[in-house]
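Submitted below is the structure of interest, expressed as structure tokens.
When the chains are written out, they are named A, B and C in that same order, and each has its own residue count from 1.
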Amino acid sequence: MLYRESGQFKTTYAADQAILPIKQDLYFVILAILIAVAIPFFVSNYVIQALLLPFLIYSLAAIGLNILVGYCGQISLGTGGFMAVGAFAAWNLMARIPDMPPLVAFILAGLIAAGAGILFGLPALRIKGFYLAVTTLAAQFFLIWLLQRPWFVGYSPTGVISAQTIEILGWRVDTPVDRYLFALAVLIVMALVAKNLVRSATGRKWMAIRDMDVAAEIIGIRPMITKLKAFAVSSFFVGIAGVLWAYLYLGQLEAEAFDIYTSFDVLFMVIIGGLGSILGSFLGAAFVVIVPILLNVIPGALGLPLGTAMISYIEIFIFGSLIIFFLIVEPHGLARLWSIAKQKLRLWPFPY
Amino acid sequence: MAAQPEPKPGHRQAGEILLKVENVDLAFGGVRALREVSFEVRRQQIFAIIGPNGAGKSSMLNCINGFYHPNSGTIAYKGAPRKRMRPYQAATQGIARTFQNIALFKGMSTLDNIMTGRHLKAKATLLENAIWFGRAQREEMEHRKFCEGIIDFLEIQQHRKTPVGTLPYGLQKRVELGRALAAEPELLLLDEPMAGMNLEEKQDMARFILDVNDEFGMTICLIEHDMAVVMDLSDHIVVLDHGEKIGEGSPEEVSSNPRVIEAYLGTSEEEGA
Amino acid sequence: MPIELSFFLEVLVGGLLAGMMYSLVALGFVLIFKASGIFNFAQAAMVLFAAMFIAGMHQRYGVPFWLAIPLTIVLMIGVAWIIERVVLRPLVNQEPIIMFMSTIGIFFALIGFAEMIWGSRSRSLDIGIPQDPIFVGDMLFQSYDLVAGGIALVLVLLLALFAQRTRMGRVLRAVADDHQAAQAVGIRLSTVWVVVWSIAGFVAVVAGVVWGGNLGVQPVMVDVAFKALPVLLLGGLTSIHGAIIAGLIIGAGESLAEVYLGPIIGGGIDNWFAYVIAMAFMVYRPEGMFGEKIIERI
């Protein structure tokens, strides 16, 4: 009975269409945000750097990809490429335009990534499904190649460049705590935007295209525009995630850091977390970040220490198997398991 | 108010011509699905296309809403002959339809499915939707209100938030009708609205169709197998067989047309589904 | 012969030989796609998987190649059987895109499994194909490329014959046309699937040996095997001769582009050339060169 919605009546459509129409959910989200803000002050810098920052940034990328795959039904294997476009666009904007404010540069970088998304989304005009998925590999391989050209890395001989420091209104985003809070702020704002989009007419059009594109077109949805909007919005999110990855996590830029396995990782988060769920994007990102750490800790605790190489092999195997598992058993991923848990909590501790 | 299915008096056939189909020919490879078909649909009519399986009924509907393109002949809507077009353009012109095999958006709730039907009326841009403020929010509430009206009309209130994939067949057909109505079309195309229904569901659907026609003044063009239903509902009937028009007129005229009787008796064992 | 021309021919022939290998791997895809409508993303992983077992058995346990290769073929049949049981059967009648994503899962499960056993270090796999330069007139070819191209050609022809002429081939085509009708006339879907996945596994063994012999057995092999994907799209998913011709076009195209375009716009073009060509062509003709036209119904 912890999670009881009876007695909460909505008297306006506005209340019923709210993001969190049920009070317990609202309290939960507020609590989660409070904990998220407080947590960096209680944990070591190592935890922030190795666990929390990747979680936040991957969540953002997963939300972006989920918009495209989970909501609009267009598979993309080019996530890494679009992340790289965001990161390198931000670096070049700040390196080449004097006094470029970082926030403006980041937003422009997101827009440039969105442009790249539209460009490589254009084949969606004619092809769909796994045909389109394979052509997004063109984006992945071409963009990474392009960003290794000398111009994009400021003619750095190694191809690696270091990210500029971020300073916003006198706040130097420097220590791990600062970087964490910056990423958190970006994530909260963008998650809200994503939620707004998917519950609006825009989101319904995406889902209509996903569920049955022919019928969607016949009720007047223009498939091309709708798909391109999804590509643009998704790539914007992914591009910003790329910026954060380079500037807050790596501290340097290298196109190779956004290889095809980055694309797969983000796709895994979306599938494991739940296709078509914003909450699922968070759960999937958390899962993908936590599992390797558990694999590090658990065998050791059981007295079976494994080498780091072995752990990474097991990790690959487990993720592959989990993808199959979730696709067979629960295509809506962890997010669905969460809502089933909520159903149970509604009655708990009574059996019926 | 004609709540009971009964033959219509002739007064409603006086509307102006909404859709004019002239000598439409359609072929897939070597198979001619439609041969020189012509007819007119007038405003406020309930217009029916009937015929045995494979007669070209669905192909005709697909031509009307721009999913197929006739090889020759013209289709004029509101007096303007149409050029080659995409299906979404038919929707913008005010043509909505339902499908023989239900084409709902399975991952979405009943309410969301019906709301997608409203989207041509939505003006808010992507950015406005992103911040959920001002016009975006206002529009959302207006559309919600309109769709709630449709949900009441179709008596599916308790299924509002149910994913449509889990609804029984008859209700899915209703939701699909609701989605088409949400667009406030001038011409509503119904592809076998009662296929696979039991008697009670058929009566409900017939009542909805008549009410839609009466209360909202929508022109309806339907395909149906159940002859009794067609005879009861329609003002005007066109009969197709092997892609050819073999008869046309009021229900009485059609049912006494010898070519029609022959076509139906000759192929009656292929009827159904 | 002028030096430019003979150089051009050298590059062209080298590209065509490499292209034969793409065709071979792409044929594995085509067979699976025809028989089950599944776009098997894991084909590239199967190549690495097979190569790792052969090289691993040989190096770690001294198993001779004449034994290691048949053992691996048997293993691939086992893998096909497991995939049919664990992945395909529970997902039958799911949307193609879900099946596609599940093969991405297979991709990682296979690679992870192989690495758990053999590690990820690079191994050589020398089954004794000579690595000598051969001169034809002014032109210089690698004997390895010629032998590898020849092996691929023979296999490609055998597979094409198998699909067109044998009873099993007819069964495959029946299943491709209509699963349910095929079942109705007494074809066991699961058997057919195990057979096609086994054939794909066999193709992977051959490709793994040939590529592994040249490049060494290492994770990068996957990137090479991936190129069968654009080959497949370019040729058309259902077309056997499409896969062959597209493989040759892509193989030749990327070698020529790397040699003649590379100095102008920068090297490493062959990383993306195949994909961009396939993408551009599909915008023009979505079903590929020889694929069946996609007819939408409602």
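Criterion: a contact is a pair of C-beta atoms (placed from the backbone, for glycine too) under 8 Å apart; a residue touches a chain by one contact, two chains touch by 3 or more.
Not measured: the values here are computed from a predicted model.
Engineer: Of all chains present, which has the mean Cα position farthest from that of chain A?
Structural biologist: B
Engineer: Using the mean of all protein Cα atoms as the middle point, what chain has its own Cα mean nearest that point?
Structural biologist: A
Engineer: Please work out the Cα centroid separation of chain A and chain B, and write it as a whole number of Å.
Structural biologist: So the centroids are 41 Å from each other.
Engineer: From the mean C-alpha coordinate of chain B to that of chain C, what's the distance rounded to whole Å?
Structural biologist: 48
Engineer: Using mean CA coordinates as chain centres, what's the gap between chain A and chain C in Å?
Structural biologist: Computed from C-alpha means, the inter-chain centre distance equals 32 Å.
Engineer: Please list all residues of chain B that touch 2 or more other chains.
Structural biologist: 67, 99, 103
Engineer: Using the touch definition from the top, which residues of chain A touch two or more other chains?
Structural biologist: 214-215, 218, in rising order.
Engineer: Multi-chain contacts only, two chains or more: what residues does chain C have there?
Structural biologist: Chain C, residues with two or more chain partners: 298.
Engineer: Going by the contact rule at the top, pick out the chain A residues touching chain B in the complex.
Structural biologist: For chain A paired with chain B, touching residues are 13-14, 16-17, 193, 196-197, 199-205, 207-208, 210-212, 214-223, 229, 233, 276.
Engineer: Within the complex, which stretch of chain B touches chain A?
Structural biologist: 65, 67, 86-88, 90-92, 96-97, 99, 103-108, 112, 115-120, 122, 124, 126, 129-132, 136-137, 139-141, 143-145, 148, 179-180, 183
Engineer: Give the list of chain C residues in touch with chain A in this complex.
Structural biologist: Within the complex, chain C touches chain A at residues 39, 41, 86-87, 90-91, 94, 96-98, 100-102, 104-113, 115-116, 119-120, 226, 229-230, 232-233, 266, 268-269, 271-272, 275-276, 278-279, 282-283, 286, 296, 298.
Engineer: Help me check something: in the complex, which residues belonging to chain A touch chain C?
Structural biologist: 73, 75, 122-123, 125-127, 129-131, 133-135, 137-138, 141-142, 144-145, 148-149, 214-215, 218, 264, 267, 271, 309-310, 313-324, 327-328, 331
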